[in-house]
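Labels run A, B, C, D and E following the written order; every chain starts at residue 1.
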Amino acid sequence: MSVLELSGVDKKFRGLHALSDVEMSVSEGEIVGVIGPNGAGKTTLFNVICGALKPDAGSVHFDGSDVTGRKPEKIARRGMVRTFQLMRPFASMTVAENVSLAAQHHTRGPERLRERAMEVVERVGLTEWAHRRATELPTAGLKRLELARALAARPRVLLLDEVLAGLLPAEREPVLDLLAELRQQDGTTLVFIEHIMAAVMRLSDRVLVMDQGAVLATGTPDEVTADPRVIDAYLGEEPTPHADA
Amino acid sequence: MTDTAVESRPPTRPAGPAAPPLRPQNRQFAVLAVLVLLAVPLPLILPPAQGAVAVRILIFLIMAVGWNIMSGFGGMFSFGHAAYFGLGAYTSAYLLVEHGVSPWVGMAAGMVVAAAVAMVIGYFSFRYDLKGAYFALATFAFAEMLRLITTSSDAVNGAVGYQVPLIQGSSVGQLQFPAGSPAYFWIALVLAGGAVALSILFRHSAAGRYVVAIRDDELAAASVGAPVMRHKLLTVALSGAITAVAGAFYTQYYLFIDPQLAFGSSVSIEAIVTAVIGGIGTIWGPVVGAVIVGSLSDVTATLLATPPEFLSFLQGRSGLDVILYAVMLILIVRLMPKGIFGTLAEKVAERRRR
Amino acid sequence: GCGGSAPSGAAGDAAGSGDGPVRIGALHPVSGSMAVDGLQMRRGAQLAVEQINDSGGIASLGGREVRLATADTQGKPEIGQSEAQRLISDGAVGLIGTYQSSVSSNVAVVAERNEVPFVMDVTASDEIFQHGYRYSFRVQPGSAKISESAAEYLEQVSEQAGKPAERVAVLHEHTDFGTGAADAFETAAEKLGMEVGPRISYDATTASDFTSQITQVKASGADVLVVAGYYGDSLLIAQAVDAVKPDLDAVWGVSNGAYDQPKFVSDAGELGDRYFSTNYHFDAQNPETRRLREEYRQRFGAPMRTGAVLSYDAVQAIAAGVEEAGSTDPAAVRNGIARAEIDPLTVGDGPVRFGPDGENVNSAAVLMQIQNGRVKQVYPPEKAESDPDYSVAW
Amino acid sequence: MTATIDSDAPETRAPSATVAVLKRAGVVGALVAVAIAVALIQSGSGIVVWQSVVTGLLTGGLYGLIAMGLTLIFGVLDIVNFAHGAMLAVAMFLSFGVVAVTGLHPYLTMLVTVPALFLVGALVHRGLLSGAGGATLENQLLITLGLSLLLENGLLLFLGAEPKNVTLPGETHLDVFGAVVSGSRLYAFLGAVALGLVLYWMLQHTRLGTAIRAVASNSPGAELVGINVRRIHTLTFAIGAACAGAAAALAVPLLSVTPTLGEQFNITAFVVVVLGGMGNVVGALVGGLLIGLVEQLTTIYLDGQSSLLGVFVVFVLVLFLRPQGLFGRRT
Amino acid sequence: MLTLEKLSAGYGRMRILHEVDLHVGAGELVALVGANGAGKTTALRSICGQLAPHSGRIVFDGADTAGRRPDMLVRDGLVHVPEDRALFGTLTVEENLRMGAWTASAGDTTTRLDQVYELFPILAERRGQVAQTFSGGQQQMLAIGRALMAGPRLLLLDEPSTGLSPKLTWTMLDAVREVRDTGVSVLLVEQNAKQALAIADRAYVMESGSVVLSGGGGELADDERVRKAYLGL
C-alpha cells in the first residue's frame, strides 16, 4: 500500500518550471533513491512534499489523506520528516538540544526527553559532541545532526536530502548501516536524494530519476543505470570527441 | 601522473563537555532569589531620590523583560512595545478612574487586553510575512496609531489623560502609599522578580524552546513539528502581557498617564535600549540593562548638576546630560556588540572552553 | 553635594534644622524641544533669588539667604517626578515649575504627598486644580480663564471698532493645551452670542503647512480667526494667512505661543502686523518689570519672556511664604504662601493672592497686539499701552 | 537553474516590468482619484479640496526630498538611519548660519551644506556604522539613535533651542486655479523633482551610480569585479547625507530651524521610503507626494484626528499588501 | 602563476580543506574535479580572497595573497566566477559587463565589450535586458563575460556548465579554451569531469578536502579511479 503518493505536482518559480507534472508513489517500508542533475528539482520536490512550498497544481497524499499545502509542522507531526541539503541547525543550541527539540512533541518530562535525545545522538555517533554548540560541528557532524534531528521526530517516512554528501567513504558506511537498520527494525519508509551512486545502488529498492523538473525514469537501480536517457542526462557516457578536439 | 595516497581527515574528536544540569532553570531561579533578597533592603538604605530611581529601574526592567521575550528569544524585533505598555497603563487607569476598579484587577485586565492586541498585530504581521526592519516599522505604526487614537478619543479623556486620585494613607488594595514609602519598591520588586521568573520558566519550557528554534530557523523548526504560528502568537502575547504590567504599575506609581507617556515612541525605545544594552536574548540582559540605563540618566544628571571641580565648566549647560547618555550608548554598542551581559557571558564561556 | 550624599529621612529635616541658605527648587525643561523656555524660566527664577538676597534675604529668619536648586525635567513627567523628589530630599522648602502640564501633574502629586508647596509658574492645564490638592498653587491664569477673557475682549473690541464679531473660526493644536483653550473659548463665545465654526484641529508635531486649513476658513466666511497653538505652528499659520488672505477682520491668538512674542515679530515681519493675542503677560506698565527685563537682556543677551517673569513671581511667592511663616518647614511655608500677597511683575488684577483652590485670584489675561513691529498691551484699557487697531494688514 | 525556462519569456519580461509599474501607477492614481472624490463629497467645498490637493502635493515634495537620502542608505546598506532627521537639522543650522553671516541666498547655501553633510556622512559611516559593531539591526538602531540624540543635543548645547527662521528673498504667492501656492514651497517642490532626477540620472547613467546599484544588487559579486564594497558603502552613506544637505537648503525658508526639527520628519520619511520601495529615489518622490496627499485628505476625512493617523493606516495597508513597496521589487 | 602550498581553509572553525597543494602555470588550463562537497568551491574562495586560509600559503604571480580582499586581487588580474554567478540581477546585461571592467580604463572597456559580445552574441542581442530575467545558461555566459571584462590573467571558474544544456556546455567549454588560447590561465572547477578533463591541460581530483590525484587531463580521464571518485561507478 502506498504511504506517499504524488500526482500531477507542478511548481513554478517565476518563469522557471522547477517541477512539472510529477507523479510518484512510495510503498510502506520501501527505500526509494532520487537522483538527477543539479537543479533537476529534487530538493524542490521534498519542499513540496513536506509543506515548505505549496505546489501550483497537483496533490500530495500521505497515509491516505491529502496533505497538499498543509503546514510543515502538521506534516512532520504526522510522521513525515525531512532533512536539509544545506544543513540548518538551530544555531543557538547544543547538539543535544537540537535533537531533543525534535522529540519534544511526543515526549513528556525533561528526563525522558534527554534520554530520548541521547539515544538518537548515540545512534548517529555524535555522543562526544552532544553538549557542544551545533555550529561547532564539522560538515560531517552537521549531516549527522540533520539525520539525528529527523530521527528524533519519530518518522514513519523519512526524506533525506544528500545526507552522505561530504562524508568520506569510511564515514558513509555506518550511516548506510543505520539507514538499512531503520527500515529493518522500525519499518521506516525512506526516500533519499543522493549523488553518490554506490550508495544509491546499494540501498534503494527503486530509483527515481529527475531531470528538468520532471520524472525521467523509475525502476530498479540496475534498470535505471542502464537507461540511455539517464546516462545521457545524469550519469554521462564515454567522452564524445568534440569537433576540433 | 602524480599519485597521492588518499588521506583521511585527522580525527578531531575532543572529549565533549559534561552534560549541563537537567534543569538549568533551577540555578537561574536561585540567582534570582538571591538578587531579590539583596534588593529588599534597598529602599531603607537609599535616599528617597535614589529610591525613586530604583523604582524606575524596576519598571524599565519589567518592560525590557517583556520586550526581550518577543524580540530576544523570539527574534521578532518590536519597535512598538509602547502599544502594550500603554494598553496596560490605560486599561488600569480607565477602570480605576471611571469605574473605581482596583488597580490590581486593572493590571490583570491590562495584561489580557495587551496580549489580545499583541496577537492581532502579530497575526497580521506573520500572516503577511513581515520581517526585520519591516516588522519593526509595522509594530511602530500600530503603537503610533494607538497614540493618535487615544489622543483624540474623548472616551479615554483624549490628550488630557488620567490622573489617579490620591487617597489618604496607604492601601495595598489600591496600590497607593505615602511618598517615599518602600512599599512601592517592594511591590515593583515582586512584579519584576515575577517577570524575570516568568521569562526563565518560558525560556526553558517546551514552548520557549520551540520559539528559540523558530527564531534560529523557522523552516527547520517547522520540519520537526514546531507549530510556528501558534508559538509566535503565544510569545507576543506573553511579551505584551508582561509589558502591560510595567504600564499599569507606572500609572499607579506616577499617578498620571497621557497618550504620549503611554504610547509615545520613547517608551518603545526605552524598552529596546534597555534590553539591547544588557544583552538581547539572554535572561539577565534586561536586568543588567535596566540597572545601567535606568541609573545612567540619573548619574549624568547628578554629575552635571553638581560636577566635580575639574568638570565645573559643564554646570548648567543644557543638553549635555543627553549628549553624555548618547555617547555612552554608542560606546557600549560599539564595544560590546552583544550587550553588556551578552558580551561578558560570551567571554567567560570562551575562556572556560580553553 | 549630590543627591547620593543628602540625608535621608523625612523631607524638610535638612531645611528645618539647618542654617544654610533656604533652598527653593526649580524644575524646568532645559533640554529637549522646550529648552528655550525652560532656560528662560530658570534664569528668571535665578534673578528673583538674587533680588531677594540683594535686598537682605529672608528677614523673618534673620536675613538668611535663598538659594535656587535647579533640575532639568527634560520635558518628561517621570524625570520631573524623580527630580522633584530629589530636590525635596535635598531640603527644598518649595518648588516652582514646570512649563508643561503633564510634568506639573506629576510634580503636583509629589508635592502633595511630601507636603511641600509647589508654585506653578507656567502650567496651562486646569485639570490639576480639580483634585483638591492643598500644596499646589499657580501664578498664571488658567487656560479657561484666558479663553474666557479672550472671548470677552473679542466681543468688546470688535464692538468698539464697529465690526462686531459674528462668526469665529477656531484653529487649535490637538492636545490638551490647544483643545482645552478652544473648548473654553467656544463656550464663552457662544454665551456672548458669537457663532463658532469651523473648528479645525491639527497635530503641531507634524504640521508643516496650513494653507488648506486657512482656505477652509476663508471658504467658511468667518470674520475672526482664533488660533490656539505653539510657536512654530502659529508662525506657519501666519504665513498661510498671508498666502491665502482670507476675508477676516482679525486674527486672535488665545493662549497662543507666538503672537505675543517679540521673536514672532522679527520672524514673521510684516505678516504678523496687527495680530492679537490674549494671554498672561509681563506687566509692561510696571517699572519694576522693565528694570528686570532690561537686566535680563543685558545678562543673557535675549529679551525676557513672560514665562521667565512668571518664574520670577513664583520664586517671590515662595520667599514671601517663608517670610510669612518665619520657618523653613515646608508645611508652614505652605500656609505662609496661602496667606501671602506679592506684587507681581506680570499683569494681574491686584497682588498675587492664592484662593483656597491654589489659583491666583488676581491673575488676569491681557490683550496684546503687534503694532509697528512691537508687542503692545491694548486691552483692557487700564493695562493698555495703546489702543487696539481692529483690522488686518492685508 | 536547469529546468525549463519558458523560451520566449526573457524578451517579454523586460517590457512587461514597465507595464507592471505603469499598471501599478494607474491603480494608485485611481485610488487617489477616488479618495479625492470622496473628500469632495465630505467637505462640500471644491476650493478647499483643491487647495488640499495642491498643498498635499507640495508638502509631499518636501517629504520626498527628505526621504531620498534615506532611501538610498536603506536600499543599499540596509541601514535604518534614525539620525537622518538630526543630520537634516545640522544641515539646516548650517544653512541658517551661512545666510545669517554672509547674507547669501538660502538656496545657494547648498554649496556649503552638501559638501559638509557629505563629509559628516562619510565620517559617521566609517567611524560608527561599518564593521561588526554596526552589523545587526538592533545595533544600528541604537547607534543611529544615539547619534541623533548626540547631534540634536549638540546643536542645542552650542546653538540653543531658539527657533531660527530664514525668509526667502522675494517670496511670492501664485494662484493656481484658485489654490494658493507660495513661491518657496513651489521651489522646494521643483527642487525635490530636480534632485530626484539628478539622483536617478546619477544612479542609472554614471559609473559610480551603476556601482552603487551593483553593490545593492549583489555585494559579493561587486567585490569580485574589483569594486571596493566598503568604500562604496561609505560613499553611499555620504551621498545620502549630502541629500539631507540639499534638502536642508531647499527647505530652510519653509520651516523653523530647531535642533529637534528632524524628529518631525524621521517617521514620515521612513513611511515614504517603504512606500516608494527601498533604494528607489523616484519611488521616494512618488511616495512623498502620496503621503502629502494622504495627510491633507485625512484632515478632511477625520476631523479632529492627527493627519499622521491616515499616514499610518496607509502605511500598514501597503506593508501588508506589498511589503516591497509600491514600486519596489521583492527580493 | 598560482601556487597553493599546504593550504588549509574552512568556515569559522570548521575545516574543509586539508593541506592542499596545487599549481597553475602561465597560460595553462587546469581542471579541478571532485564530488559534491569535496571542497572545490572552498578552494576557489580561498584563492580569490573571500575566505582567509587557516594555514598554508597562496602565491599568485609571485606574491603571497594573504590579507588581500577580492577587489584588490581583481586589480592584479585574478578574477573569480563564483558558483552562484553573483550577477547584478537588477542591472542590465551591458551594465553588468561594464561593471566587470570596473578596474579597467574606458578604452579597454570598449574593446573588451566588443570581444565579449563577439564571444557570446546572445549577450549583444540582449544587452538592455535585466540580468535576473535571464535563463540559467544565459546567466552563466554573462558571468563569464563579466569576468573577461576585467582583463584577467588568471580566471577561476566554478562549475560554469551548471545549468547548461549539453550543447551549451560544449560552447561554454570551447569558450573557456578560447580564453586560455589568448594567454589567460584558467583554473576550472567542474563536476562534469569527463568534459572538463577533455579540454584541460592538467587536472587535480579532490576528495573530502584533499587532493587525491593529479596528472594530465587525458591521462586522468582514462583512470579508473577517477571514474570511481567522480561517479561512484
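Keep this in mind: a contact is a pair of C-beta atoms (placed from the backbone, for glycine too) under 8 Å apart; a residue touches a chain by one contact, two chains touch by 3 or more.
Chain-to-protein mapping (UniProt): A = ABC transporter ATP-binding protein; B, D = Branched-chain amino acid ABC transporter permease.
Keep in mind that what you see is a predicted model, and the values were worked out from it rather than measured.
Any chain bridging chain C and chain D, meaning touching each of them, is among B; the list is complete. Path length between chain C and chain E in the chain contact graph, taken as the least number of steps between touching chains: 2. Inter-chain centre distance (chain A to chain C, centres taken as mean C-alpha positions): 75 Å. Chain A and chain B have centres, each the mean of its CA atoms, that are 42 Å apart. Centre-to-centre, using mean CA coordinates, chain B is 50 Å away from chain E. Residues of chain E in contact with two or more other chains: 15, 133, 136, 162-163, 207-208.
Across the assembly, chain A contributes residues 15, 38-39, 138, 168 that each touch 2 or more other chains. Counting partner chains per residue, chain C shows two or more touched chains at residues 31-32, 35, 39, 174, 201, 203. Residues of chain D that touch chain E in their complex: 1-2, 5, 9-11, 13-14, 17, 207, 210-211, 213-214, 216-218, 220-229, 329.
Residues 1-4, 6-8, 11, 30-32, 35, 38-39, 70-72, 74, 76-79, 81-83, 85-86, 88-90, 102, 105-106, 109-110, 112-114, 125, 127-128, 131, 133, 174-177, 179-180, 201, 203 of chain C are the ones touching chain B in the complex.
Across the complex, chain D is touched by residues 48, 50, 69-71, 74-75, 79-82, 85-91, 95-96, 98-103, 126, 128-130, 133-136, 138-139, 146-147, 149-150, 162-163 of chain E. Every residue of chain B that touches chain A in the complex is listed here, in rising order: 8-9, 12-20, 22-23, 206, 209-210, 212-213, 215-217, 219-229, 281. Taken together, the chain B residues at the contact with chain D in this complex read 71, 77, 79, 124, 128-130, 132-134, 136-138, 140-142, 144-145, 148-149, 151-152, 265, 269, 272-273, 276-277, 280, 317-320, 322-323, 325-327, 329-330, 333-335, 337.
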